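Alright, structures below, take your time with them.
Paired with chain B in one complex and with chain C in the other, chain A is shared by the two complexes that follow.
Then we have the complex of A and B:
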């Protein structure tokens, strides 16, 4: 354990990150069984699991510092208490162009966020970021190959439209100068971000389903 | 497009055929090969080869049509020859 508790801002950032990964992992898992083809079904399901695994590690880190339980952080808060960005809340299942657009925007932004956390003064967080980055490198590779594929296809306009639609949401993942870096990486002008101060209408139904089993027997040991 | 995937289990070991993946190009094939053959530390390296680039040879060219096992080193059973030689020399077989 840390002799010194991490600063509140850093804890908030870890919780926000955990919520992003949990909710995005959940949304991505909606493609299991219905992805465009079998290999992609396996790959995207595995990426979804990877995100949920990262969420678990982040919740455990935060839970240790807060003296709370990781499962309680993940599932026992009300929807308003989640700090995820609206980008990850959107239900994009059946819209593969939109899903790839979000995946590509998220992983690009996530690369910036993880790189910054590698420098954290909280050693456990810096160590976790390094572990996560190894898996995220694969996620970024997967996202980039799909973005390249759709951009060079007959459906490129559809993909670009999806990126444009999600762009204000993607900026909402990051703060401050990381937003400027994201603009450079994505090649887009800054716009007004749809950030963590708000939730989309799609979070509440997602939360209903995500926590349904746990709420069915409060306090149960599984 | 089908890609054949070869896996190396440990450094220094020969690559062995693991299976195949379907993918539209080499980048996708790499990602799916990683996913199916490299995520559980079961491989230290992968080779990913378009199936069309694999030159396959089948019977009759690889068949042993006439029994010419004397051409192969394993065609000589040293054990039998040694036994016969020992018998001829009157030495106890062993």
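Then we have the complex of A and C:
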């Protein structure tokens, strides 16, 4: 237990981060079995597992501070209560260019977010961020490799179009100065962000599926 | 009377659920053992946050402590205190013998793709460094897949974290 409760704003940021990782992990896992080739099937499934593992650790951290249960935070809230950015909600399965574009934008933004959390005054959060950063290095490497690969392929226009389409969503992952930094890293001008104050139409069906088992037997122990 | 030493000995017999040739002590995931009035407190850090074996590891450690006649408390610590550098020399050797290439040492800057694509990684079967990266990701979060051009075998490489 923390001697001092973390500030509300920091708790909200942890929950938003957890929601991003859970929902993105869910979306990434939709490629399991149907990725472009076997190695990528393994890689994307492993990345999905990694994101969900991070979501779990973040929910547990928030749950400890709020005196709640991590699974309840992850699955018992209504879709409107989730604080994930719409970027992670979009169903991009069957669109590999779009999926790689999101992966690359997300990991680039996530690198900035995690780097900032390393400096958090909440020691458990700073410690967790350090562990996540070590693991995310592999996700970032994978995302960059794929972005480079598609950019130098015959499908480069399709990839750039997907990045352009998702760009307002990617900015919506971050706030303030981190947005400026993301513009620099991605090499794009700032636009109006599609941020956490709104949800896409795709969250509700995802939530239905994601929480179905838990809702079918409330309070069950597995 | 349970002592910390006896607990460490018992934990050295607890196999990793996914790579049973190494124990949890070999893996370096046991951070601390404290014994007080028949209660044993173990601090443990999982290898990867997404590792599905965390619960199994926790339960097996608790079981090992109960077998000594003590009451266990296993605290999971989620921070950067575990790194692949904590795998013991004995653990690295057991990994190699079972066909898992042990991890490269951790560097301050973290791994890069260029580094993973280099020839610095040795095949655990034939010892050749003529190996290449096949997939950054493998069957579990902690492993990559490489290919040895010398003995023409794929092998699993522990990721450095």
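Just so it is clear, the second predicted complex is superposed on the first by the 222 of 222 C-alpha atoms of A that agree within 3 Å, B and C clash if a C-alpha of one lies under 4 Å from a C-alpha of the other, contacts with A are read in each partner's own complex, and residues count from 1 in each chain.
Just so it is clear, contacts are C-beta pairs under 8 Å (C-beta built on N, C-alpha and C of every residue); 3 or more make two chains touch, one makes a residue touch a chain.
These figures come from a predicted structure and were not determined experimentally.
In the superposed model, A:37 lies in contact with chain B only, and not with chain C. By the touch criterion stated above, A:57 is placed in contact with chain C alone, chain B being left untouched.
Between chain B and chain C, C contacts the larger number of chain A residues.
In the overlay built on the shared chain, the residue A:142 is in contact with chain B and with chain C. Residue contacts after overlaying the shared chain place A:132 against chain C, while chain B stays out of touching range.
In the superposition on chain A, A:46 contacts both chain B and chain C.
Contacts of A:210 after superposition: neither chain B nor chain C is touched. On chain A, the surface touched by chain B in one complex and the surface touched by chain C in the other have residues 39, 42-43, 46, 138, 141-142, 145 in common. Against chain A, the residues of chain B that register as touching in their complex are 21-25, 27-28, 31-32, 34-36, 39.
The residues of chain A lying in touch with chain C in their complex are 39, 42-43, 45-47, 49-54, 56-57, 60-61, 124, 127-128, 130-135, 137-138, 141-142, 144-145.
Note for the complex: chain A touches chain B at residues 37-40, 42-43, 46, 138, 141-142, 145, 148-149. Residues of chain C that touch chain A in their complex: 48-52, 77-83, 110-113, 116, 134-141, 145, 159, 161.
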